[in-house]
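Residue numbering begins at 1 within each chain, and the chains themselves are lettered A, B, C and D in the order written.
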Amino acid sequence: MDYINDINQTFENKHVRAFREAGGKVVGFTCVFTPVELLDAAGVMPYRIKALGHPETDLADGRLSRFNCRFCRSCLQLGLDGTYDFLDGILESNGCDQLRGMYENWEYASAPGFFHYLKAPHQLHPDALDHYALELARLRTALEQHFGVTITDDRLRDSMVRHRRIRAKLVALDRLREQERPAMTGSEALQVVLAGGAVPASVYEELLDRLAADLAHRHVDRPRVRLLLGGAATDEPALFEAIEDVGATVVADTFCFGARSYGPLLCETKGAGDLLRTLAEIYLGGSRCPRMFDEFDGRLAFVTEAVAEARADGVILVNNKFCDLHGFDNVLLRMRLEEQGVPVLALEKEYGSPADHGRMRTRVQAFLERIGGGR
Amino acid sequence: MYFAGIDVGSLTAEAILLDGSRVVASATRAARANPLESAREVLGEVCRARGIAPGEVRHTISTGYGREAICAEGLAEENLSEISCHGYGAWCLVPRVRTIIDIGGQDAKAIVVDADGGLDRFAMNDKCAAGTGHFLEHMGRTLEVELGELGRLAQSARRPVHMTSRCTIFVETEVLHFLQRGHCRADIAAGVADALAERVAALARRVHPSRELAMTGGVAKNVAVRREVERRLGLPLVDLRFDPQLVGAYGAARLAAQRGGNP
Amino acid sequence: MISAGIDVGATFTKLVLLGEDRLLASQVVRTTGRVTEELPGLLEALCGEAGVDRSVLAYVGATGTGGTQVVGADFYEDELTCVGAAVGYFAPDAELALQLGGQSIAAVRVNGEGEVISFSRNDKCAAGTGRFLEMMSQRLHQPLAQLDALAAQATAPQDVSSQCVVFAESEAISHINSGVPVPDIVAGICASIGRIVASQGRRARDARRFTVTGGVACFESVVRVVRQRLALDFVPFPENPQLAAALGAALLEGDDGGQA
Amino acid sequence: MTVDVHAGILDRGLKLFGLIDKLVGVPSDEEIEGLFSLLPPDSRENLTALLAPELREAGLVFLNAIKQWMFDARDARALGKKIVLVPFNFPPDLVHAFDNAVPLTTEVLTTIAALALPGGAGRYWDFMQSLGLPDHICSANSVEIASLLSGKDFLPDAIISAAPGACDANSKVHEFLSQYQSIPQFLLEVPVDDTPEGKVVYGKYFRTLIRQLEELTGERLNEDRLRGVVERSNRCTELYWELFEYRKMRPCPLPNLFNLFLAPVRFCLWGTEAGIRTLEMMLETGERRRAAGLYTAEQEQCRVLWVYTSYYFDVQQLHRWMGKKGWSFLADVLSLYLPQPIDPSTWDTMVDGLVTAAWEYPMNRQMGTASMSRAWVSDMVWAARELGADCAIHCGHDACKQSWSVVSILEEELMKQAQVPLLVLHGDSWMKTTTPITVIQQELEEFIGNVVLGAKRSRRMVRRQRPAAKAADPVT
């Protein structure tokens, strides 16, 4: 596992440095619906912007407000304090209103080299899919012009195949997680996904193969309680540790820094030859983010299937304070899951605040006691 | 056979000593900065009161903020969340109780237990101190009234003032302004009690409280708050006939007896 | 000419007697519900201390959240006007005054004449305010006056990540539980307040030189962090910064013409 | 049990507004006082303010129009018509153009609760909280939605969700209602894309919505009926721009409260006779006051532009209070819309006109674009210049993540481009408990007194010799 964890110790890890020293360009993005295939095909490395629960926000708070979610404020902080200076460009996306705000302030305060705004629709209507395909075409042109490259269909097709392979490998890892005695803890699984957003695809594929081999015969203790975690943007291994430390193992998750970023993207498409239309279908059709305003049933199914697959005893739905999208979705999910007899704990927390982890333990411990793990 | 429960919160620390399932000693103290000190003190106190050595206690459970530290130190065999302990404690006292509102120093919790006193569902304040003992503590200081007096004082109110705000900080300033404008302490105390009850009721609604409703924690001693909570929820409060501040420790002790092999 | 200024703040009430070119006497008491009744006596005492008769006072200016309740004051002026005046008089080089009060942080842009050009306040939350420090001192069982000295002894300041007072309290407690020495916790608290104050200061984007006033400005360990974080020149407020608003009230004209 | 919501906002609103029928002609102060005497202070104060002397005639027409709007919705059911819940950022004209459908506007009903109903919006808010929803959701819509979720109110036959792309909270709460009560929701997404292609796809979405409404009502969108509505909409547009001229005048002859009238006119009554009558009466009032040189105070001291929403729970202590102090409430983003005439020649020209109207609605214009800050800044700089604002205020509606996330940019640009200082407050536009109106008043006085009028007023620092600069001794 160390070769995975090491990657997440720093934002500009050794693989990024190597890639840049070889003359490669790196572009930051946040949302799962970003077609990394296009960037790869342009020879540009997509880097998933994260904050790892960075607790300081004083620079960001000079622009965003305390009523904005702290994940966005922490990301902006890292953008303003120079941590992300190694990025050659930024790909804004409309994941949510507050992310839009985060990017606008980032651009306003210190416009980076390449800046492009990728706008994804919030529905699956055919007109919406067409519009997203158009947006992807615009991204393709923007990349080609700024980085002076040509994104040929062949290169794009290759990279689509590679990323499909990578996603399949991640799904295979989930199977190892779901065993009676899981091959890894939830916080380790998070580390794997975080690493994926921080290294070139080719490197990641090798890492995943190595990991699959290492995990084949590895087992953590038989969990007292098997949990599924889901909810708002969560890239804090510390949070997983805090929860697992109380006496549970997270055997599955539905986070965007988790299962949401690969499984559903293996969906079938009708794309009919047009690569960009296909990508649009993959990324919108495969989106399990509550930013899709007419797809709740798909999100519910995503969770219930994961609960069944992983034989989870209970579900914890995390929300970062001030996140509207998950604030609403978590409540609906809780209602529906409880109707199905699945115990749910809705956990509103302040992002990046270890203090909150302390307060959370009380609620998590009580929840485990309730579903029989603590008693 | 002796069992003990230790509840170390942010404001106070309590311990209960059971002989079998009978309470033979109890202790309450203001919490020290270090929960271990508080735990040693209250545990020592109950043992002395009964004239036994701490070693003679068969099983001890710690709860409250300090629960894990206390357990790690070996002062207790295991630790349980105060949510389980308050729920179980109240249920042991009056088995028909199903909903328990526990107002601690910084946390307010609404707890629903099943027919066996097991935890069914709960809600906890995740944002605001307005509905906690902390709030009352500060208002008491601002009003220069002993915490214990606040409730009785509020009951003598003629024209209770209305706090326009929910935020502790705001209400505190409002209290000052009411005083400076010459409103009598009783009327302000009543306003404070209502402001607190308003938040408590909002929290309680999250668990859909049932008729058999009880209140625990220090604030439950405040008659005015009790009355306002009853009014706002339209539900009568069950009298536990027990010091509400000790319910957490009592629940922990009863769970210790249950889990520590009380025949 | 001798004038008096009274600042009834959320936590403390300050009185000053101001002579032609210097502060003659000052007094700081905790703001209670009875403070308005106490004020006349306090003012008398202050005059006594300065050896002047109450009747020679040209005027008495009042300010602060409870300032409107002051009986016998010749006028009331809001806190920012007064801070502006005090800064314009005592620290005229400062373009930005960070007024750190008991329950609010104000970033005040002032011109050399002590007029307020613009300002921004923290949203209604105790984070970063004097109340934050106060609650912490209670929770840590350390007198407010000792916090600075304690923070100075810190070897490894412990970060307080939570901006909400309530959470910060439990955070402090969990630090204690895990055996973190009190000085390190206090230093962490001061640092977090300093960061919040600095973010507020950043909202005044065109200022080059700043000063800090208000009760919290007395905490060197907070001010140090603000100075580190804010890339502006620091102009010290020469008098006790806690008195700034009261000094301003004493500096303003007495006749109540053209009140806004 | 959850929060006891005794009755829905619509029913309670109907009862309350029914009172107005008792008024004959233009009532006297005493008659109005008598009429509302039995109401609790909050709603009494607010309703009295809506019929204040300076705007009584217009207030009467306005209140009657809103009353009728609510009665029509109630009667619609009996007549077998469909009730369509629409958000504020959507042209109700479209729904008016259907014979078998009536629109009810979420945020307007919330405002009625916050402003006029005894107990305000609090009880409905508590109900939302009791479902476990976070306390940072937007009261603007969740208060009315709570009334619908409680089962004590009417249930719409369909929901138009027009905020996707412009506001997450609004879109989520309507999705929540749709899921919770199994009511179909029709999405009209704002494609945050300012290019012609963006406008084109928006037009496609809009036409999809029309088809969905046609299925719901079992009625084709009839060209003649549509033309009738569009012609009335165009009349409203004319009147709005005439009124706009009065807003620019110094002193502003329009009472501050007209801003509170203008929003519902656009969000509920656009394209109706009632809407036209209300605007006409407002115009008449404005002209009469201009001719007589009337103003709500001795003199106009300050012209205030609210850059986003304002506060809508105590008009007596905000709008009228400002008026008495000589502070003109020029506009907030809800009363500052820029309607354009619609070409009535064909079905398509009319629909395209409505598409543009929707595209330009408040919030869509600012937050539904490729850059929230750029669009918002340019609108506010334009408005500040047009209306001659001395200062601007961001009320800081705490649920509004978009405006909060770019307000720092607006603040900088307003100062740079229009030399207008911005005050950033914090409160809730519809919930009086978040920041009490008294606190808001203090902060407005502090800001306007210091920053805007500071230079004008006579109290100055007394000239004393400055003390010899002390050594920069460490602050103690």
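Structure notes:
To be clear about the criterion, contacts are C-beta pairs under 8 Å (C-beta built on N, C-alpha and C of every residue); 3 or more make two chains touch, one makes a residue touch a chain.
Just so we're clear, the structure is a prediction, and the values are computed from it rather than from any experiment.
Inter-chain contacts peak for the pair A-D. For chain D, the chain whose average C-alpha position is most distant is B.
Between the Cα centres of chain C and chain D there is a gap of 39 Å. Rounded to whole angstrom, the centroid-to-centroid distance between chain B and chain C, based on C-alpha atoms, equals 36 Å. Once the centre of each chain is set as its mean CA position, chain B and chain D turn out to be 44 Å apart.
The multi-chain contact residues of chain C, meaning those touching 2 or more other chains, are 123-125, 164, 170, 174, 203. Among the residues of chain D, those in touch with two or more other chains are 132, 396, 398, 408, 435, 439. Residue positions 62, 65, 67, 321, 348, 359 of chain A are each in touch with at least two other chains. Across the complex, chain A meets chain C through its residues 55-59, 61-62, 65-67, 350, 352-356, 358-359. Remark: chain A residues 321, 348-349, 359, 361-363, 365-366, 369-370, 374-375 touch chain B in the complex. By the touch criterion given at the top, residues 131-134, 136-138, 161, 164-165, 167-169, 171-173, 175-176, 179-180, 185, 187, 189, 191-193, 197-198, 201, 204-205, 208, 367, 370-373, 396, 398-402, 404-409 of chain D touch chain A in their complex.
Taken together, the chain C residues at the contact with chain A in this complex read 123, 125, 127, 159-164, 167-168, 170-171, 174, 195-196, 198-199, 202-203, 229.
Every residue of chain B that touches chain A in the complex is listed here, in rising order: 68, 80-84, 107, 118-122, 124, 126-127, 259.
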